[in-house]
Structure formats: structure tokens, C-alpha cells
Amino acid sequence: MDNTAENKEFLSVKNLKVEYFSGKTVVHAVNGVDLKMYKGKTLGLVGETGAGKTTIAKSILRILPDVGARIVEGEIKLDGKDLLSLKEHDMRKIRGNEISMIFQDPMTALNPVQRVGEQISEAVKLHSDLSKEQCEERAKEMLKMVGITEDRYYEYPHQFSGGMKQRIVIAIALACNPQVLLADEPTTALDVTIQAQVLELVGELQKKFNTAMLLITHDLGVVATVCDEVAIIYAGRIVEYGTKEQIFHHPSHPYTLGLFGAIPDMADDDIWLHPIEGLPPDPTKEIVGCAFAPRCKYATEACLKGEIPALTTEDGHISHCINMKSVLSKEGK
Amino acid sequence: MKKHKGQSEFSRFVYQLSKNKMAMIGLVILLIEVLIAIFATQIAPYGYQEIDPTALRQVPSAKHWFGTDEIGRDIFSRVVVGTRYSLSMGIIATAISSVIGIVIGAVAGFAGGWTDNIIMRALDVIQSLPGMLLTIVMSAVLGSGYFNTILALSVGAIPGQARMLRANMLKQRKAEYIEAAYSINCSPARIIFTHLVPNSISANIVGMTMGVAHTIIQAASLSFIGLGVQPPTPDWGAMLSGARAFIRKSPHMVIFPGLAIAVTVLAVNMLGDGIRDALDPKLKK
Amino acid sequence: MSESMVRVEGLKKYFSTARGLLHAVDDVTMDIEKGHTVGIVGESGCGKSTLGRTIIHLLDKTDGKIFLEGEDVSDVKGKDLKRVREQMQIIFQDPYSSIDPKKSIRDTVKEPLKVSGRYSKSEIEEKTDMLMDLVGIDERLKYAYPHELDGGRRQRVGIARALALDPKFVVCDEPVSALDVSIQAQVLNLLKKLQMDRDLTYMFVTHDMSVVKHISDEICVMYLGQVVEKCPSKELFKMPLHPYTKALLSAIPSIDIDHPNKREILRGELTSPINPKPGCRFAARCKFATEKCLEPQEQQEVSPGHFVRCCRVEELG
């Protein structure tokens, strides 16, 4: 390990392939994904339902179901440690302690019959040698930090509103000062004004603890507000990867362009939207060539053959599109 | 499937069921049993009451395939003739209780409020009596005999079926597709029978298949205490309970009627599971 | 003068709960013009879905009046209720729970035609085919079951069902919020096209501001059962007046990374909609709240067509 830690990725995912299977059907959920996360930075993982976003997060945390799912190949390294080769016993020490996850639905992520304070202190207890009182102390501190008064320690989840519940979930996730936070659509179930509060809170806490964060979302607005880097995923493959500025100013993969085009533009009065025609590919079939080609208006015959190489610009903007140049000129960029 | 244009719901169901091997095996077994019941007297080598005083509690042999009982009657003949009583009682009583239970449950689950409350409390009263006791009381009131016994047997199973359907219906009632049905002016009866019941009934079908087995055993208990179908009528359950005392010395007396019950229950279960799956479009292959 | 399709006056819908009366819709007055789309925005629990359902008689109102093309349909019953429901339809939010999983999608589309009793068997088949073509369901999927379809296609089935009886007024209750953006755009385009072809009037309930801006002619902002601001769509985004509307608009995450919204973070607890006090319901979270805000608020027309329910609107500019 070299010591120039600042610019070194803290968590890296290399060529991750994950499959789900039942009987003879195999679902190719993740097909060779590379990601890098840095301390204090947020990486946005953007894609549609079924693109494999949550599967990637679950693979990092190794909480995929034992039966019916397997990591076919790939490497996940946390600060040099290979997570995939760790024993389950050692992995348990990492979960919730070094890597935490915030789940999408705050309504189901909490235990309805346990007091919220106890749920937080339990998380602390699992990963520390603190006494019961110290854990409680820490839990109250966490509650305060997410903006909930400590006298609500003894209340049950149903006594809180959706936004408050999500804050409790965040408090649990951050209780052990994790170095990596995996946030799976943390604000999708929340109203916009509450979403703004939660995003603000997560941003503050991230700065304070210098956490590396993976933000999974389908909302490009949230990405624009929160992320430093963005990975666009389609059918289990990263199609475009770059800094926020690169992706938002110079989107270069037709899928990314399509996503931007499909959002109703607040500044535009055109009555027709520009949807991406067609549907994502059937994940049970092996795909040769570019997965997006059947829906892509720029697709050529070459797109349907062989591996699609990653094209990287000098400043590190990656796009998996062999026709990138002609696409960009046709889009007028 | 998609090519069958304008195919009705029922023909889809039959098609799905016919593709299910287990269900078909169950169905074939039941059909064979029905045939046995119809032609019982022709099939049985001896009369079911015929006593052979020289052959008491004999083990199976070429002469008596299933052996003989303690007074020398041929067990094979008795099992064959018993098919008539046991099978029909099990199936008819379960059918009656299921239909009544499902209708009551549907009304309670759909109406809610007071209607629901009154129906449920009435069912509570029925269920507060031990099931066997209720059947005994009913049977004593109605008197013995084939149809009375069937009625007595069906009463006890009604509350269970009604509750199961009601509980599932309450869950379905809040779904948006029910609201959608209101918005297009569906009548309450249409909502209950074309939307709510088909979506709530799968647990009841499993309940029915288990009910058949339970009823056959209960019928046996009734005849054991002198109610229900009376000896010498060869009811499987009655044969089973009559042979209990000889279970160590002559196990064959228990094994064969027991096997008959087990095979029937298994067949009903296989068919029941098949029906449930065929009713669910999600499970189609 | 443009014609009114639906008009509600002082509409109220209360639900009784264990803790008291929940004021889901409280004193809503509005006019929806023929051929227009009115967007109803607000956060979860503000009563926007209840409002739509009460107008189309899926829920019984507590008080108030509902007019359909000038006819008072507030208390219609029996045959008239059937007729009114046929003219006012709804498209639901969740494409997964809003169609019966045990019926083929063709049967789902067919059902309103059957129930209406107006058509012969062959007419029903013919109309069903026409409806499925209209919403763009492929020939090969016409006999499919809901679980075989993705969310976007299921939503098309829901749309076909709602349009089967040629309604004039359709409540779209968050019809695209469960869909991915690329599919969402397809469905929004379809709704727009159907509106133009069939001269429909929409009430579009949503929490997504970019969607509502795209599709609506007018927008109503609801907060805890009350309409706090109502005006033409463009005006709302240019000149929001109510403090809640301002906070709501500022909270939308913008995709323009060079000019991010200045997020206004609301503090304070949400007021409970159960037995609310008479004053402004937003006061507890409003940074401009004064004592005057604790009195009942009247809806006032600050400029033609622009209604606001805030007593301090003039001072705040």
C-alpha cells in the first residue's frame, strides 16, 4: 500500500459480475462493473429499475441471498482488503461498522416493535465494546445529530413521519462512523421538501466524517445536487462514467442523452417529450455487443458485435459507445 | 397460450390443470376411486357383511387379499365398499362447508361494519365449541344416517373457511383494482365474485383438501361413539377405529383402511394444489 | 367565456379516525375548464388524491357542491350516479395494484364496456380492440396477463380501461410516478395525445413538479387539505406567492448544475391534519408567520386567475 492515501480510491469494484438463478433461468444482473469511491466524495449510480444498482450495493456488503444469487467474478477492495475473499465472520465486523447501507424504504427498514433509540444503540453495541449506558449515550447523540430531540428515544417507529423515519435509518447507518456509506434511493419515498432536508443532512454528515458515499438513484436532479462523480448504468453495465460536470455538460453515451431528453424540461415549453423507445433487454439472455443498441437511434451493425470497448478521454471521462464521435456531432455538441 | 384467441377463463383453467402432472395423477386416482365406489359390489369378492368364522384376523393371502378382521370379514371387500361412504362423505361434506363458508366469508369481508361484526361473532360462538363436540351434538340432534352425518360433519368446518376467505378479502379490498372496479360501475356482487373471491380463495382451496382428510377421520370418530354411519356399514374411519385394539397383533387390519384414507387424501391434496396453481395466472408455464 | 367542465364549491371530505376528524379535503373551491389540464401538487397526505376521488364520486363528500358541465351532481344516486361515473374516470398511481392480477388484460379493458350494458357482444370485442390499439398495446400482448407486462404497459391498460366509456373528465392520480423516466415520457406523451384527440379534461395529481409543469395549464398547490395557491402554470413558476409554494419550488433538485436551486430548508413540525386549528396550516413551518396567521385564511384573487390563501401575501410581495 502506498501512503498517498488522498488520491487513492478507498473502495474499488472491478469487473463485478453477479447472477441470479432459479431453476434453469439465469438472470445476468450485473455484467462487469467497475467503480471507484474516494473518501469524502459521493459517487452517483444512476439507472432504471432492474439495471442492477441495488445488486451492486448488496454485493459490496455481501448481503446477496445465499440461495439464488452468486458473484461470478470480480474484485471488491476496501482500503486494500479484498472483501470477497473475507470469511463471513470477518465480513460481519465490516458491515455496519466500516460500510453501512441506507435502504430505500424507511417504512420497512425499521423494526416496528422496537423503540427507535434501542435500534440505534443496538447497532452501536454490535460493533463496539461500549457499555449499555455508553451505547445509549451515543444513540442519543446520533438522534440529535439527525435533528430529532433525544426525548423521542423511547418512541416507536409508527410515531414518526416518513422523513423522520428516514433520518432514524440514517442515524443507525452512521452510528458507527462508517467510512463507506451505500445509500440506496434514500429519498425516493420522501416528499421534495423533506428530501431537501435529508439530502442536506447527509451532505453535512458526510463532510464531517469524510465518508465515501455511493448514492443510488434514478433522479438526475438529486445527482446534480449531491454527487461529485456519476456512473450511468444500463442492463448491468456501466455505459458512462465521469465527474458530474463531464456527465451533465458533455453527456456522450446515447443512453445518457436519452435519459436527459426524457425528463420534462422545466425551461422548455415543448408539448412532446422525447422518450427512449423500447424496453430494457431481457436479463435472462446473453447480450452480444452493446446492450442499448436495440433502442439506440445511432446504432450501427458494429454495435451488435463483440465487446464494446471503453473509450476514455484525457480527463478520465469514460463512455462505452463505439460511435461516440458521430453521436456527438449529430447531437450538435 | 397467447395464441388462443378469445379463450375463456374456464378453458384456460382446464388447460393449465391438464398440464400439471401431479394434479392429473391426483385426478386419476380420485376417478378410479369413484369408479370403485360405483361398481363396489361387482368388484368386492365377498359381501361386506359376510362372516367367515373359520378365518378370524387372518393376514393377507391369495384368498383374502387384505386379510380378515376380528369376526372374519374380508377386509378388501370392506375397503372397496367403504369407498362409497368415506369418499362421498369426505368430499360432499367438505364441499358443503366450503361453499357455505366462502359465501359467509365473502359477505362479511365485503360488507364490513355491523354485518361483519354480527357474522364473525356468530362464527365465534360456533368455534368456541370443540369441533368434535359440535359434530356430536349436531349428529345427535339430526339423528344417524348418511345425509344427516354429512350435514353434521360440514357445520364444524364452516367457520374456518369463512374466516380464511374474509381475512384474505380484507387485504384485497384495499387494492386499487377494487377501487377501479367501483369507478367503472361494477355492482357489489360483481366486485365480490369476479374480483375479490378469485383473488382471495387460494388458501381456501388448500383448506378444502385438508378438510377432506379431516372429515373422513371425523366420520370415523362419529361411528365409533355410535353416531353417524352405523356398523356394519364399512366406513374406512370406522374400520380403522374398530381395528385399533388389534394394532399390534394384526397390523394389517389398520394398515389397509389407513392406506385407503392416505391415498385419497394425497390425491385430493395433489389435485387441490393443481387447482390453486391453475387459478393463478402468474404460475403458468 | 370558456366553459366549465367541473366546478367544486366548498368541497370537504373528512375521515373519522380514532384520534378525531381527519380533514383530508377542506373547503376546496375550483373551476376546471373544458379541455384543460389542472395539476394538483402537494406532498403526501395533503389530500390531493382524496380530492380527485371525491370529485368523481369514488368517495362520498362530507360537504360542498360538485358540478359537471353546469349540472349539479353533488348528490346523484342510482342511475344518475352511474352516468356521472361513466363521464368522470380515474387513472391510478400504481400500475401493479390497479389491475386485477387474475384477469387477462383484455378482460380488464373489456369490463367497463360489459358492465355498462350498452353494447352487444360483437361491439364489445370491437371496441376492446380499438381501445388497445389506441393506447398502443401490441397485438401479441392482447391476451396477456398483468404479470407479463412491465409497469408502462400496465399503465396503458389502466388508461384504456378509464377511456372505455368515453369519459369527459379524467383524474390522473400520479399516473407516472411509479415508472422510470424513459417510460414516463412515453406515457405522458400518450396522455397528451389522447387529450388532444378526444377533447379530454384532466385533473393531474402529482408530486413531481417538472411533470406537472409540463402537462398542466393551471396548477393548484395543496397543503393539508387546502388549496393554498392556484394560477396558470407558467405564472406559478415565474411568480410563486405563497410561502409554501416558494419552499416547494426551491426544494426541487435541478438538473442544471451551474445554477442549482437555492434550497430553502423548511424547519418545524408538520401540522397534523386531524382536528386542525382554524388558522393557516402552514404557519408552523413558515418563516413569515405572525399572529394574524392563526386566524382562518381566505382565498383571495391577487391578480386575474391567481388565487392565494395567505393573509400576508400583499406585504410579502
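In this document, chain identifiers A, B and C correspond to the written order of the chains, with residue numbering beginning at 1 in each.
As a working rule, contacts are C-beta pairs under 8 Å (C-beta built on N, C-alpha and C of every residue); 3 or more make two chains touch, one makes a residue touch a chain.
Since we're looking at a predicted model, the values are computed, not measured.
The most distant chain from chain A, with centres taken as the mean of CA atoms, is B. Across A-C and B-C, the chain pair carrying more C-beta contacts is A-C.
With centres defined as mean CA coordinates, chain B is found 53 Å away from chain A.
Chain A and chain C have CA centres that are 32 Å apart. Distance between chain centres (mean CA atoms), chain B to chain C: 50 Å. Chain A makes touch with chain C in their complex at residues 48-49, 161-162, 191-197, 199-200, 218-222, 224-225, 244-245, 248-249, 258-260, 262-266, 271-277, 279. Those residues of chain C lying in contact with chain B across their complex are 53, 56, 58, 82, 85-86, 89-90, 92-94, 97-104, 107, 111-112, 115-116, 125, 140-141, 143-145, 147, 158, 161-162, 164-165. On the chain B side of its complex with chain C, the touching residues are 1-2, 4-7, 9, 175-177, 179-187, 190, 194-195, 198-199, 279-282, 284. Partner chain A is touched in their complex by these residues of chain C: 43-44, 150-152, 180-186, 188-189, 192, 207, 209-211, 213-215, 237, 247-248, 250-257, 260, 263-266, 270.
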